Every structure is written in structure tokens, then in C-alpha cells.
């Protein structure tokens, strides 16, 4: 049994993802470095990770979000950047959570579209999105008709 | 020694608190665990192509990683498949992936279902076998024993020693294990004396079994190796079935092994050791209760019918209780002996043989293979004839002596 | 500001939108962070020790696999704490924390059993569905206490 002593206790890490025609992850990183004031910034293929005291991290994130609000997305991360327990270099392959990001980033432009449209289309006027259970099944009588038409 | 790279295909170990145990077991045999790197598109495509429509995303990931290994997109030396004990969905995936990798690649595979109580110690022998198969293919390919060598199998119940010369067994030693080193020394003395040779004449020594490290150091062994690869080798050597597929079943004193062997090298295997009711110990207790020697239990069971004795449990405590009740109710000792054999065979069949592919010839080895009633019960369950080679109780010692001859100087 | 449970709890999209519209997302990362930053016994990678599946017994019986119980020790407290929930029902490619289908079924059931507002969605397949998706979340969040409605 080995005792565990955490590093970076008391910090938070947040992912900042960018998928924008106006801005690349490295553009975002440059802007982040300019305002970082000692907060740790780590560039990734999707955007950034920002690590530091919660207030500092939130301040930077608010400033970054304002650059391109509909195309910048933020979420919390449990680990600090480069943690050997999650790092691809140590695991041989990506940590499982990476695939989840890859999946959501594949459709994030739809979300961006939704965010862009908010000022012009009031949420109350937009229909509720399709739910899985509402997809209608073929009526048995219709199926019967199809079968009969095939038989004749 | 280069580190063996073991690809992990799994669902759940990091949430059960046992990933560290897996990593430690691998590190103890100079291997490292890694996770095959693939892309999301690979996961979707591979999962669709594999055709097993499971719901759990981590199992989909495991399937895609297995395909990447088999198709050679990711290189590995061995594969470790681990999923939660009692998960039906994962058990199906575990079995199918093990079979898929075994049939479509040369990668050695071991699968394991863990609980939060699984420790690195439990996993060690399996990891050692995986790395041995990956590292020592050339040694394991050896089919002929040469020179004068000795093998010692320090088991949990008994210690065995065998001296071999020019592919023949020329001396054996056997006794119950008490103090590990003392028992080993005594078995060695017996074997040397039967062979008519001295310690100094031996050209190489191999050890295996639970006490292999201790005894190996004590005897200055040239080869110290776990019993999965050694017993496979010993079994096909004694049975004369070195080429092609075979299945080795070893019901031991403390744990059982079922090994799917190809050309003398284990492909997939399982080791079980949680329940004493599925072990040789259960048969020892039955013999004691019947007032017969363990060597008489087999012939006794051959005269009985297991179905005449109702057994409500496989457990060594409650199962024995059922046997005692049956005796009190007038069942014959023959039927009770047969029921005990059937109980052990059925439990091994249900819990372990489902995890390996049974291919003929099926070879039973170890001390319990001498209990004919147990072999017959297993034959009935598997619906096949089982081979029990001469000297089958010395299996580990024979395998060790055979493999140790690869270490004779000048070889 | 309401505490909103997310399904999948690892979702970037849900986590972002909930925070963006002024509420507090309950995401898996917070549970992991707490463990990673707490001293104790070493149990990489997630600092989930063999004790956690035992804590999971509060939500799943002992015959339930250890991986389900270990995951429930992460999510159980979040579900208990949640004041609302957003569920994406076709999250078939959420690995790791959401990698076990049985756990996921249990999570959804426990969320629905609580008397809290729940919004059910699917991932948007095109831009128009994206507009509907974002609008539905905005409507839902605005109606919660501390929302802008």
C-alpha cells in the first residue's frame, strides 16, 4: 500500500475547445498566454487546458469565451495537464474520455449553429427536437397491405 | 531483458480499484500494460464489422482494440482481457474476444474476471505465463529432453521431482508438501536415488509450482517457471501429442488449470482457485470421510453412480455435508465417491472449461488424474475420451526437466 | 443557480451549455478531481480504491459487478444532489466514466425516480436540430430556479 500525495491540490483544470472558421487552437493559445498572468496554459489539438486557482481560471475563460462565443466550449477536467496516469505517452493509447470528446467535437458545429441563432430566433418559438421514442412505427394494417401487394 | 508489452482489453478495472494490481503484476514479470491506440472512426468500423452488438461503450472499445491487434495495426506481445466478475455482457465479450484473438493471431491471451478484491498476487502467475510465452517461444518449442536433467514441482499439496536422461524418465520422487525446502530436498533425494545418479552429475535443473522461486534459488536452478507453460509442455510430451492442438486439464490441490495448447505452447488458459470445492482437497476430504486412502477413491467411484446421491452444493463444507447425509441415509460408499468426483468435475466444467476451447485430445494431468472416477466424470461431461498419460502426476517436474535441458551448457 | 445532472456526465456540450446559461453542471470531472486531489492510498489511474465499490453498495446490491458499484460511487452522490437533469439518450460512444451500459441504465433510472425536472434529448444530426437542441436546453434551464425566465 503506497501513500498517495496529490500534486496541484486546490487547483482546477478546464478544457477550452475551439472549432471556428475564425480561430485555430494555436490562435486561442496565443491569446491565452497574453492574459495568463502565471496561470498554467497547455495547448492541445482541440484547444487548451487552463490550470490554476478557480477564480483565475474562470477569469481567463470568460475573456477567451468572449473572443468567439459560439465556437468556444468549456468543461471541467479532473486531472491536471500531462498527468502520467492519463497521458497517451504512458498509456499507449488515448484515455477513454478522449473518444467522447472526439465524438462530440464531430457534431459541435450543430451546437454552434444553435448558439448563433439564439439572438434571432426566440427559444420559445423553436419546436422541441425529435425524441427517440416518437419515431412512428409502420402501422400493422399498412404492413399487411404491402405484403398483400407483393403477393399478388 | 526486453519488456514484454501486454495489451489490455478491459471494462471496469479502474472503477473497481484494481488497475494498480494489474499494472503491478505485469511489472513484477518485467512486462508493461498498454492500451492499443485507435481512433473513434476505428471503433465504429471495427465494432460494426465484429458484429457483436453490445451496449457498453467500453466493451465496444475493447472489441475495436482487439481487431486492431489481430489486424496488426497495433503491435503487442500478449493480450490481457479483464472484465467485471458477474457481468454477463462482459463475459460474452471476454469469451468471444479471447477466441477471436486465439484463432486469428499468434498472440497469447489470458482472460480474467475481477472483483474489487483481486490482488496482483492472484494475477502474477497468469502474467508470468503470458510473458514466458511471448519471450521464450524458442525454448517452449523444445520437444526432446537431452542430457541428464532434473525437474522439481513444488506444489501446494505435494512436491514432485523427476530425473530424466536422453528423453526418458529414470527416477521419480513424490511426497506431501510440508516445509517447502525440506519437502523439495526429500523429493530430490528420492528421485536421484531411483535414478542412480548424484546431484553433481545433473547438467541442468528446472523448478515450477507454488514454491518455484524458493526451491529454485535453493537448488540453483537454471530455469524457474510457472506451471501453466511447464505443465502444457509436460502434458503433450507425456501424451505424445506435441504437434497440433490439445487441451490440458489439471485439477490441483489448491487451484485448477485449463489450458488450450497449440504445438505444446499455451494459447489461452484459465486458472481458478477461489473454491476449495472444485479442488483435489474436496476429494481428499471425501476419501477421509469414507475411511479409504485417496488412491482407493478412484476405483471405488468407478463402481458407483453419482446420480444416486443428491448434492445440493459444490461447497467443500456443505457439499461434504450432503455426502455425510447420503451415507447416513444409506447410500453406498461407491455412490458417494462417484458423486464427489462428479461434483468436482462439474464445477471445473462449468466454471473453467467454458473459458477455453476444448479440442481433442483432452489430457488430464496432476495427482487427481489418477482418480479414475474423476476422469470418468469429466469424460461424461465433455463427451470425449480423456488421455491420462503415464507419470501424469509428475507433469510439472517432467515439463521442467524437459525445458531445463535447453539450458545445458554448450546447447 | 441550479445543480444540473448531465447524461453523459462527461459531455462537453452539456457541461458548456449548462454553465453558459448560468447554472452549475454536475460533471464526472468534479468527482474525479476530488479524488485526484485528496491524499490517501495510491490507486491509479483514477484514485478509485477498492473501497469505492463498497461505497457503491448504497446504490447497487453486492451481486452487482464491482465496476458498476465503483462507478455508482462517483455518480450516486451527484444524482442525490441534482436539482434538474439533462439526458442525451443516444450517447453510445461515451467511454470510460460512461463506459458501462448497466451503470448507465441504473443512472438514468435513479435520475427519473427523483422528483426533479428532466430534459430528454438526442444528439443533433444537422444544423436545424442543433438549433432545436440549444433552444430546448435554454428553455429548460431558464425555467429552473435562478434561471432567466
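Each chain carries a letter (A, B and C) given by its place in the written order, and its residues are counted from 1.
Here is the rule we use: a contact is a pair of C-beta atoms (placed from the backbone, for glycine too) under 8 Å apart; a residue touches a chain by one contact, two chains touch by 3 or more.
Quick caveat: nothing in here was measured; it's all calculated off a predicted structure.
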Most distant chain from chain A by Cα centroid: B
Pair with more cross-chain C-beta pairs in contact, given A-B and A-C: A-C
Cα-centroid distance, chain B relative to chain C, in whole angstrom: 42
Centroid distance [mean C-alpha coordinates] between chain B and chain A, Å: 47
Rounded Å distance, chain A centre to chain C centre (Cα mean): 15
Chain B residues counted as touching two or more neighbouring chains: 40, 43, 58, 61
Residue list for chain A, restricted to those that touch at least two other chains: 96, 99, 103
Sequence positions of chain C contacting 2 or more other chains: 42-46, 93-96, 98-99
In the complex, chain A residues that touch chain B: 88, 91-94, 96, 99, 102-103, 106
Footprint of chain C on chain B - complex, ascending: 11-20, 23, 40, 43-44, 54-61, 83-87, 89-90, 114-117
Touching residues (chain side chain B, partner chain A) in the complex: 5, 7, 34-40, 43, 58, 61, 65, 74
Chain C - residues contacting chain A, complex: 8, 10-13, 15-17, 19-20, 25, 27-33, 35-47, 89-90, 93-99, 120-127, 129-136, 138-139, 142
Residues of chain A that touch chain C when the two form their complex: 1-6, 8-13, 15, 17, 65, 73-79, 83, 85-86, 95-97, 99-101, 103-105, 107-115, 117-118, 121, 123-124, 126-132
